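Please find the structures below.
Look at the two complexes coming up: chain A is in both, with chain B in one and chain C in the other.
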Partner chain A sequence: MELAGWQVSGKIDYDKLIDKFGCQRLDQSLIDRVHRLTGRPPHVFLRRGVFFAHRDFNEILDAYERGDKFYLYTGRGPSSEALHLGHLVPFMFTKYLQDAFKVPLVIQLTDDEKCMWKTLSVEESQRLARENAKDIIACGFDVTRTFIFSDFDYVGGAFYKNMVRVAKCVTYNKVVGIFGFTGEDHIGKVSFPPVQAVPSFPSSFPHLFSGKENLRCLIPCAIDQDPYFRMTRDVAPRIGYHKPALIESSFFPALQGDTGKMSASDPNSAIYVTDTPKEIKDKINRYAFTGGQDTKEKQMLYGANLEVDIPVKYLSFFLDDDAELDYIKQEYGSGRMLTFDVKKQLIEVLTELVERHKRARAAVTDEMVDAFMAVRPLPSMFS
Partner chain B sequence: MELAGWQVSGKIDYDKLIDKFGCQRLDQSLIDRVHRLTGRPPHVFLRRGVFFAHRDFNEILDAYERGDKFYLYTGRGPSSEALHLGHLVPFMFTKYLQDAFKVPLVIQLTDDEKCMWKTLSVEESQRLARENAKDIIACGFDVTRTFIFSDFDYVGGAFYKNMVRVAKCVTYNKVVGIFGFTGEDHIGKVSFPPVQAVPSFPSSFPHLFSGKENLRCLIPCAIDQDPYFRMTRDVAPRIGYHKPALIESSFFPALQGDTGKMSASDPNSAIYVTDTPKEIKDKINRYAFTGGQDTKEKQMLYGANLEVDIPVKYLSFFLDDDAELDYIKQEYGSGRMLTFDVKKQLIEVLTELVERHKRARAAVTDEMVDAFMAVRPLPSMFS
Partner chain C sequence: MGYTREQLLAHLQELRINFTKYDHPVVLTVEAQAKYVGDVGSALSKNLFLKDKKHRYYIISALPETKVDLKVLSQRLGLGKGGLRMAPEEALGEILQVPLGCVTPFALANESARNVSLILDQGFKSQESCIFHPLANDTSISLQAKDLNKYLMSIGREPAYVDLEANPRVGKDQPPDLAALVPSESIDLPDSTEKIGSLESLPQHHIPADPKPKEVKAKPTKAPAKVEKAKDKSLVGSIPPVPFSDAGQFVEEILDKTSALLLAEITGDSIKQHGEQLGSVVSKTIRKHLSAELKNLAVMFKNTAYTEGFSAGIHYQPKRV
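Entry: the complex of A and B
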C-alpha cells in the first residue's frame, strides 16, 4: 500500500530513514552470520547493501541457530503492467532466503486491494493475480514449500478471524496517520490494512501451520512498507502473536536516476520483463542516467561519478561477480572506461536476465499456477 | 448496528420517522394484497401495524404476482443475553413470511460484529452465535428453505467479493454520517457495514442462488435499520444488483413503557425467553407501566389510557384473537375492566408463549443447528 507522505523525490538518505523509522541497520556481522548459518555466500543483495535494514532479523537468526525454523511472507498487488526489474528484486531475494534457510513461504496477491484502489473489476483483478503469479513462479520458487494465494480466493475462516482481531486494535486515526486517508476515501481502503497484516500470523494458514502457531515470520520488503508493518508489529503481542521480523531493501532506481520514480505511465522509466533485447538496448542507451563525462576526453580526464551513475547502480544489483563489478567501477570511475562500454555490459547482463525470465515464464503452465495456489499442506516444510 | 443519533427516548412519532427516512407507509391496500396473494389471513403484526413501513414491498408483490419469487434476509448480532420478546418479533414475522410466500430465507449471525463491538473473543462470539441460532430455529423455521450462517464461518469467496464491491462505493464520511464513528473508533467498525449489506445480493450465496442472481430480496427489520439499508440500496444499482426491499417494524416497548428502552443491564425492563412463569408474573405485576387508574373507583370512573398501557400494547403483539383484544380494549378503556385483570390475561399469554418457546428450544439439537448452518443447496427453494 502507498504510505502517507511517502513521495520518492530527490535523493533518499537511507541513514535518516533508519533513524526516522527506528529500524536497525543490517550490518556486516549479521551478513557474516547468515553466511555461517546457511553455509552459502550471502546473496548479492545482502553483500551490496540492497537489503540494508531490518527489525528483529537477529532474533530470527537466534531462533534458527537454536533449531527453530521460521516462515517467509511477501506479496504483491497485481497490476496490469508487466513486472519491471524493481518488482523482481524482492522475489529474487525471497527465493534466495527460501533456498538458503529451507523454509516455507507464503506469497499474498492482493487482488482485493488493486480492485479497490484502481478502476479494476473483481474479475480483472483476479485474472491479473494469476498472470502475476506466473511471473513470480518464474523466479524459481519451490512448489513443495511455497503457497501463493489471492485474497479474493483465500480471505475467510481463520484468516478472516485474524483480520477482525487486528481491526479491533487499530483506530481510524492510526491508519490515517500511516496511509493519509481522507473522509472522501472509500471504506474499502480503511478496511484493507488488516488484510495485509494477517499473513504475518501462522494461524491465518491452518492448512500450513496447524500446531505451529508459534512459528516466527520474516517479511522481506522495500523499506517504504516499514510503517505499515510497524502497525502489524504493534498489534501482534496484543492478540497473542509474535511480532513479524522484517528485512528491508532500498528502492530500485528509475532509469532516469535516483531522483526519478519508475512509473507505469512512462514505460521508458524502467526495464520490463517483457522488453525485447532491442528495447532494453535502446532504453539503456537513451535513458539511463550517466555519471560519465560528456566527451571521451573529459571522461578520460575526470572519470565518472559512480554515485549517480545508473548503469553502475543496475550492475550492482544484477552483476553477481564482485571482482568484475569492482573492476568496472575502478576503471569507469578513473576514466579508463567509457560510458558506452559500461552500458554495453549492462545491456548484456539485463538482456540475459530478461530472456531467462521470459523462458522461465513461458514454461509456467496453468496447472503449475493451480499447484502453487492449491490450499494444501506443504510437503517440504523444513527440509 | 447502532445508528448515529439514534436514541430511543420519549415517545416516537412514527409518522415523522417515515417522512424523515423517506420510506413508505404499509397501508391497508398492501395488507389486503398480501392476504389475497398468500391466501392466508395477514399476520397479527401486519393487522395491528407492528410492521408499518416499507420500501418497494409493492414491487416484491408485483413480481410475486407475475410468478417471480424472492428471498428473505434477516439477521441478529449474537449476544450473551438471552433473547427477550422484542428479539423474537422479527423472527416470528419472518417465519410467517416464509410460510406464506414459500420462499428461501438467509439468516446472518454477525458474530464478527459482536466480537468487534463488545469485549468478546472470536471463540466466545462464535459460541453465542450457535446458542442464538437455537433460539432462532425454535421459532419454527423450515430447514429445507432456511440457511443460517455466522460471518466467522461464512465470509469469503463470493461473499467477500461483494463486500469489496460495496466498500468501493461507500466513503468514510458516508458511514460517519450513518453510524457516527469517530477517529478513535477502531477500523473494524468502519469495515463492517459491507458485511451486513451483502446478504441483500443473491450472488453472495452461490450454493443457494447460482443462476438466480436476479432474485429480489426482502428484508424484515426494525425501522432503526432503515438508514443502514438505505446505504445498501444506494450502492446496489451501482454494482449491478437489485435494491433490496424492506418491511419495517416499530419498536417493541420496554415494560416501563414507550419511553423506556429494554436493556441488558436491567433484566426487569423486558421479558426474556428464559424467564420462569413466576418471573413473568412478578415482572408484569411490578414493572409493566399501566394506563389504568390508581384505584378501582377511579378506574371504573375514568377508564384506562390505552395509548400508554403496556399490558394492552403487549397483548396487541401477542394476543392473536382480534375479537378478544377489542373486547379487552373496550372494557379496560371504559373502566369496566381493571388493570389487574388485563395483567392477568397478559401473564397467561406470555407464559404460554415463553413456555412454548422453551419446549421448542429444548428440542433443538446440535445436529439441527449443523443442518441449518450447512453450506448446501436448499431442497425446497420455492415449493
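Entry: the complex of A and C
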C-alpha cells in the first residue's frame, strides 16, 4: 500500500529516514550473528546494505537461538502482469531467509487492494494475482513451507476475526493520518488496512499455526511500508499478540537513476523478467544512467562517479562475488575501467538472472499455483 | 492499381479534411519517424498488421506507449490464446499494398484490404491530432481523430476504437468482447509465384527483407525481424521444457552443468598452476558456482513432485467400505 505524502524522488537520505521513522540500522554485528546462527554466508542483500533497517530483528534472533522459531510474512499487490527486478528483490531475500532459518512463509496477494485502488475489475485482479504468483513461485520457494493466498480467496473465518479485532483498535483519524484518506475516498479503501495487518498474527492461519499462538512473525519489506506496520505493531499488544518484527530494504533504483522513477508504464525504466537478452542489452546500454565521464580521456583522468552510477548499483544488488564487485568499483572509480565494460558485465549478470527466472517460471503450472495456494497443513514447515 | 499517396491526399482534400503533410527521409520505425515528426505536437502511431490462423487480417493502430498484448487481444477477439501472429511480409504488399514499415489505416482504401479489420486505440480520441503514413514511408500526415473517422466512413468503414490495454476475463460466461471485430471473410494469399497479374500492382516503395513493424509491450520502436523469435522467448510457454518431473533428466541436467564447469576449469594452464591441488580447487569452484543454481533446480523438482501428489490427493477416491 502506498502511504500519505510518500513521494520517492531525488536522492534519499536513509539515515534521516531511520531517524524519522524510529527504526534501527541493521549493523554488522547483526549480520555476523545471522551468519553464525544460520551457518551460511549472509545473503548478498545483507552484505551490501540493501536490507539495512529493522525493528526487533534481534528479538527474533534471540528467540531463534532459544529454539523458538518464527514465520515469515511478505506480500505483493498484483497491479500488473509485468514484474521487474525491483519487484523480485524482496522475494529473493525472503527465499534466502526461508532457506537459511528453515521457517515457513505466508505470501499475501492483495488482489482486493489493487481492485480498490486501481481500475481493475475483481476478476482481473484475481487473474493478475495468479499470474504474479507464478513469478513469485519461480523465485524458488519451497512448497512444503510456503502458503500463498489471495485476499479474495482467503479472507473470512479466523483471518476476518482478527481483521475486526484490529479494526476496532484503529480510529478513522488514525488511518487518515497514515494513508491520507479524504472524504472522497470510498469506504473500501478506508477499511482495507486491517487486511494487510493480520497476516502478522499466527492465529490468522489456523490450518498452519493452531496451537502456536506465541509464534513470532518477521516481515521483510521495503522501508516505505514502515509507517504502515507501525500501525500493526501499535495494535498487536492491545489484542494480546506479539508485535511483528520488520527487516527493511532501500529502494531499487530506476534505470535512469535518482531522477527517474520506476514505473510500470515506462518499460525503459526497469528490466522486466520477460525481457529478452537483446532487450536487456539495449536497455542497459541506452537508458542506464552512468557516473562515467563523457570521453575516454576524461574517464581515465577522473574516474567514474560511483555515487550515481546505476550499473554499479545494480551490480551491488546482483553480483554475488564481493571480491569481483570491489575490483570493478576500484577500477571504474579510478578510471582504469570504462563504462562500457561495467555495462557489459552487468548485462551478463542480469541476462543470466532473467533467463534462469524464465526457465523456472516456465515450470510453474496452474496446478502448482493451486498447490501453493491450497489451504492445507504444512507438517514439515520447521524441519 | 494500388491506392497511391497522391490519390489519398486528393481524397482527403475532397472531404475537406484538414491535415498537415510532412516529408522526410524514408523511415521504417516509429523511433525513426519520431526523429522527424516527433515534436510537431501530434501523437505518433504504431501500426501492426496481424493475421489469425484462419487467414483473417487485422490492422491495430495505437499510440506508441499503449501496451498491445497479442495474447490478450487474441482472446478478446475469440481466437483463443496465441491466435494472433504478425502477418507475413508478402501480405503487406498483397493485401495492404504498402511497403514495410508503412502499415497505416489508410491502406484500407484498397479493394484488396476490404476484409481487413481495423482496430484503433481509444487513446487516439483524446489526442489533438495523430500521425500516420499516407501510404508512403517518406511522408507523414497529422490529422484529427474525427477526421480519420470521416475518411474511414467515406470508404465504407466503421471506425472501431478499443481500450487496447484492457484485459477483461474471457470465459464461459464472459464472451470475447471484441468478437465483432473479426472479419467475416478470410483472405487467401496466392502463392508468391502466382501473384503476378492476379492482383493490383506492387507499391512503389517496396523495401525487401527489413524490420517488421511489431510491438508486444509499449515500446516506441518497431524492433527488427529477429524480435519475432525473441518475442517468443518472452512468451514463457515456449521456453524449452525443463526436466522437473523426470528424475533421469533432472540428474542429467545436473551432471551436464557440473561436467561443463569441470571441463572449463581443467585446462593446461590450471593444471600447471595448481598441480596436485587442482582437484580440490576445482571442487571448490564447482560448489561456489553451482550450489545456488542446483539448489534452485532441486526446489523446482520438489515443488513439481509435491504438486503431482497434491493433484492426485484431491482427486483421490476413498475406498468404498
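Assume the second predicted complex is superposed on the first by the 381 of 383 C-alpha atoms of A that agree within 3 Å, B and C clash if a C-alpha of one lies under 4 Å from a C-alpha of the other, contacts with A are read in each partner's own complex, and residues count from 1 in each chain.
FYI, contacts are C-beta pairs under 8 Å (C-beta built on N, C-alpha and C of every residue); 3 or more make two chains touch, one makes a residue touch a chain.
For clarity, every value in this text was computed on a predicted model and none was experimentally measured.
Is the arrangement of chain B and chain C around the shared chain A a clash or a fit after superposition?
They fit: once the shared chain is superposed, the two partners occupy separate space.
Roughly what angle, nearest 10 degrees, sits at the C-alpha centre of chain A between those of chain B and chain C?
In the superposed model, the angle at chain A is 90 degrees.
For A:D142 in the superposed arrangement: first (chain B), second (chain C), both or neither?
It touches chain C, and chain B stays clear.
When the two structures are overlaid on chain A, which partner does A:V375 contact: first (chain B), second (chain C), both, or neither?
neither
Which holds for A:L37: it touches chain B only (first), chain C only (second), both, or neither?
Neither: A:L37 stays clear of chain B and chain C.
Output check: A:L301 vs chain B and chain C. Expected answer is one of first, second, both, neither. What do you get?
Neither partner.
Could you tell me if A:S191 is touching chain B, chain C, both of them or neither one (first, second, both, neither)?
first
Who does A:R361 touch here: chain B (first), chain C (second), both, or neither?
The answer is second: A:R361 touches chain C but not chain B.
Quick one: classify A:F181 as touching chain B (first), chain C (second), both or neither.
first
Return first, second, both or neither, reflecting whether A:T171 touches chain B, chain C, both chains, or no partner chain.
The first partner, chain B, only.
If you've got the overlay open, could you tell me the nearest Cα approach between chain B and chain C in whole angstrom?
11
Find the residues of chain A that appear in the contact set with chain B and again in the contact set with chain C.
Comparing the two interfaces on chain A, one with chain B and one with chain C, no residues are shared.
Which residues, counting only chain C, touch chain A once they are in their complex?
Against chain A, chain C makes touches at 65, 67, 167-169, 174, 217-219, 226-227, 230-231, 233-234, 236-237, 239, 241-242, 244, 292-293, 295-296, 299-300, 302-304, 306-308, 310-311.
Show which residues of chain B lie in contact with chain A when the two form their complex.
112, 115-116, 122, 151-157, 160-161, 164-165, 167-176, 181-188, 190-191, 193-194
Going by the contact rule set out above, which residues of chain A touch chain C in the complex?
Touching chain C: residues 82, 99, 121, 123-124, 127, 137, 140-144, 265, 267, 272, 274-279, 320, 356, 358-363, 365, 367-368, 370-371, 374, 376 of chain A.
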